[in-house]
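In what comes next, subunit A is part of two complexes: it sits with subunit B in the first one and with subunit C in the second one.
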Partner chain A sequence: MSRFEKLLPPPMRRPAKPGEGDGHVGTNGKTSAANGEVTALKEQDGNGARTDDAGARVVEKAKDAPADLVGWVDERMGGTSFLTAMLLRKVPKGTNWFYTLGSATLFAFVVQALTGVFLAMYYTPSTVEAYASITYLTNDVFMGEFVRGMHKWGASVMVILVFVHMARTFFFGAYKYPRELNWVIGVVLLILTMVMGFTGYLLPFDQRSYWATIVGVNINGTAPILGPYLSDFLRAGPEFGATTLQRFYAIHMLLLPGAIIGLIGAHLYLVVKMGTTAPPWIRADRKPKDARTQEVDAIPVATNGHRDGSATTNGADPSDDERAAR
Partner chain B sequence: MNRQEKEQYLREYEVLKKKGKPFFPYAIMKDSVMALIVVVVISVMAIWLGAEQGPKADPTTTTYVPRPEWYLFFLFEVLRVVKPPELVPLATVGVPTICMVLLLLLPFYDRNPERNPLKRPIATTAGILTIVSMAFLTFLGAVAGSPTQIDLEVAPEYEAGKLVAAQSGCLACHQFAENGNNGPGPELTEIGSRLPAAAISRSLIIGPGIMPSYSNLREEEPEKFDDLVLFLASLNGEEEPQEEQETGVGASGELEPDAGSDVEP
Partner chain C sequence: MADSDDKNGKSNGGADERRPPETLPEMKPVGYFEGESMTRRKVFAIGGQALGGAAGAVIILPALGFAIAPIFDEPEENWQAVGPRGDFVPDTYKSRVITIVEGIGEAGKTTVYVRQGSPDLDEDPNEYIAITSRCAHLGCPVRFVQAAGNFICPCHGGAYDFTGQVVVGPPVRPLDRFQTRVVDDAVEIGPRYSVTSQLEPVRARDPGEFTGGVWEYLYPPRPSTAPAP
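Our next item is the complex of A and B:
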């Protein structure tokens, strides 16, 4: 058990290898039944030694409470093995700060979602009242301007992070086998993020946003065949009218966030399933490059795995991180 | 990648993963630090730059600048590069669509098994060129201001229309001699020699292509609209606007049936 693993509640730790236990048998939460036994045993102890200080027993119980709670939930949901696999899965050697760009983008999206909910509590999506509701939100609501500023600038930060994250993926060749699908999902997320920016730009309903949206919708309208229909759909009719703003609002805060959340879920699922890439300049072995390529060329595929002794299928080993992560 | 390359990659990846560190707490620590930086940066921007409200949207107004959010500048600037009217759909929809499809299908046409950017000269060069050109277009969009002054010399009777044109955002997309942006709309310095007044009026009303319609201006302030049409029709490239240009101007949208029907202003 690594020193950091002690930070996890016991039921989420990996089972100790035989002979490596630290004496606290049962607290590793191998099975929820074991947990129950431990609790029962402790209660017996308490009853047997009645002279014990009651306070000490309460403290003892309180110490175990988080573990018991995790065990209780696990007994009914069975999520800890998944969580353990998530948390203790290994990231490849050489993983560096470039690999935080994706989670930073995710976090920017979370900021947008939270501030967006706050804004939606005060915003009125009607051409008559939208502007006044923003004025009220900005000037009178506690922290209103701050949250609106976070949403406005958070959009820019998120767009920048999306592009930088994509550039990292591109230059590291991380979109190649076996992660092609995740690249496709990522590009769709990029497009949806830009559409988010476009639809959100109208909502403040000031001059800039109004006229930029008119031009933007006209730009869509120049597309062959489908263009005019798309424009009519966005405007909710042939002309910019009262329902246009509501339509943009619904797209901006219901349709697109739903699609983005779903796709982020798929994106993350594939990240965990396929694993993050190692930086392309990191090599598995330290042999000179020439020797390595020669060896690879010379040895048939089927036997190639013995080269390192650990590269391919291993026997069952409960402490194997890769196995645990599946 | 053929099968052997795939297997070699997977094997190498397994080894690298074995040599790696667990996600918790190493990667999660970095992610948390980055998340903190993100929220601090956003908060500082929110406090520093604020969220000021522009003037309320007014469909009848004549003073506006149709500019998108900065991260869409590069798309908007493509419109300035492509000039001929028949190619406008290519710039508005064609180029972005092609770029999106190219981006989406990248893993399927880039079959090179090599991942190191230094050993993929074509892909790396293409990537850097894309970034540079997008940054350049964004920069162009950022510096392309919208002047509100037209320095053309016109006869006194057209001064009123010139003022309307200068204040109506025409310069954001059109060039008048030295003033205004060269695109997405065509140059209007000599528009009067190409189009009759009725066609100009009609174009202003329907708003062809990506141009917004000025029909609201005509309804709310017809005399301003007429001034604008008169001014535009007077621009025939000659030093002294001639009197006869004024005759035959259809005031406030009295249109000849097919005038300007094939015109993209």
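Our next item is the complex of A and C:
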């Protein structure tokens, strides 16, 4: 059992292989074959032997409570097989810290979602009161500046992480078959993140927000044919009007988060289903291990022989285009 | 399906019996009748999907119409007095603040630059020219700089001459204007309209949209704006 697995409550662990474990039935009726360390935990009072001390018995019972709770839920919901399959899935050789960028982006989104919910408790999406409500929540509400700061700076962090995550996917070639659909979903998520930034920028309703929105909407409007109507849709009319701010607010806090959550679900599903790609510098094992060790001497080397050390210092030879700069 | 099986059986004849004779007859779905073009199951599947689609449309179409309705709202004509005729002279602009959207406080106001028509520029001295402060590039607020006689935009370096024509920078057309009229010796300002590079009035466009020629079709006039004067 790996160290990581020991951290999991017993129902989430993989069952012991046949022949392993002692088939010992613990105090709560679970076999300790799969969770030998429960016994280990009890070693201080004599290898799981029961004591007559009532206090010790309560402590012992309490130790099993989290596992019991998880077991109770799992018996009725059966989610642990899904969780173990997802958390303990195989990852390719060479997986490194770059592979955490997607999770980091997800974490940034969760921060935005949580802080956003609490900011909405104080914010008033009205052209007359929005700025006052923002100054109130920033200056007067306990920790208001901190929560708003998390939302404001977290937005930039999320956009940056999205791009770095995207760059990782691109440079590792992880967008290729059969993962194109996940790339497409990711691009839609990128666009939605941008729209999030655009709609959220208006909400403080200070001078910068207002003029940035005027400029942003007019940039949208420069698209031929449909652009002018898109502008009217965004502003809810020909000018920045009474419901423009509310419209941006509704898009920012209701429409887009729902869409983003749904797409993140599809994104993660495909990640788990397809598995991740190995970094490009990891070479595929084309042959079984035994065959490889036998034939390792027979692997042909490059034609001009520089790989075997015999001709590492070839003189200049323009007729040899093997090593021309490319 | 049953038909093709029969034909195969006939063409094969008795010599090449591919199928053992004791094969069970093919099961027909419940409700099958001779000559049917669609199984009962398929009829119900299509019917169910059609009903679901109709139910979805009943929800989505009104919601969508609700969201895009403002595009088709026709504007009310709104005239505001900005001062007596004597306030305005032909050789410089006076800035006035008008309300273009009611009920949203400061955010509904805008600055206009007003002057009397100048005979030097072939204009009727009984008319008044009102020029918007909204840059024709992307909508930043331009200022009239009296010393230079120009309108200058702070955002991206656009500049316009005294009549609002582009001198330099990224703006795509001259500054928009407002309709004006004189009522009881007071100058009143009405709906906004855009102009072409020859200062011919056209229906109001948003900043960043060209006017005149083919652009009138590429940036179609919106129903939410007032017609050109």
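What to note about this one:
To be clear about the criterion, the second predicted complex is superposed on the first by the 245 of 326 C-alpha atoms of A that agree within 3 Å, B and C clash if a C-alpha of one lies under 4 Å from a C-alpha of the other, contacts with A are read in each partner's own complex, and residues count from 1 in each chain.
We adopt the following convention: a residue touches a chain if its C-beta (ideal position, glycine included) is under 8 Å from a C-beta of that chain, and two chains touch if they have at least 3 such contacts.
A quick note: this is a predicted structure, and the numbers were derived from the prediction, not measured.
On the superposed subunit A, the positions of subunit B and subunit C overlap enough to count as a clash.
Once chain A of one complex is fitted onto chain A of the other, the partner contacts of A:V91 are limited to subunit B, with no touch recorded for subunit C. Of the two partner chains, neither subunit B nor subunit C is touched by A:F118. In the superposition on chain A, A:W72 contacts neither subunit B nor subunit C.
Of the two partners subunit B and subunit C, more residues of subunit A are touched by B.
In the superposed model, A:T100 lies in contact with subunit B only, and not with subunit C. Judged by the touch definition given at the top, the superposed model places A:V128 against subunit C, while subunit B stays out of reach. In the superposition on chain A, A:I225 makes contact with subunit C only, while subunit B stays out of contact range.
In the superposed pair of complexes, A:Y136 makes contact with neither subunit B nor subunit C.
Of the two partner chains, subunit C is the only one touched by A:A236; subunit B is not. Overlap of the subunit B and subunit C interfaces on subunit A: residues 127, 205, 210-211, 214-215, 218-219, 221-222, 224, 227, 240. Considering their complex, residues 127-128, 205, 210-211, 214-215, 217-219, 221-222, 224-225, 227-229, 231-233, 235-243 of subunit A touch subunit C.
Partner subunit A is touched in their complex by these residues of subunit C: 67-68, 70-71, 73, 75, 100-101, 103-105, 107-108, 138-141, 155, 204-209, 218-220, 222, 224-225.
The residues of subunit B lying in touch with subunit A in their complex are 1, 3-28, 30-31, 33-35, 37-39, 41-43, 45-47, 49-51, 53-59, 61, 63-72, 79, 88-89, 92-93, 100, 103-104, 106-108, 110, 113-118, 120, 123-124, 127, 131, 169, 207, 209-212. Contact residues of subunit A toward subunit B in the complex are 2, 4, 7-8, 86-95, 97, 99-101, 103-104, 107-108, 111, 127, 131, 134-135, 138, 145-157, 159-161, 167, 170-180, 183-184, 187-188, 190-191, 194, 197-198, 201, 204-212, 214-216, 218-224, 227, 240, 275, 277-278, 280-285, 296, 301, 304-305, 308, 310-312, 321-322.
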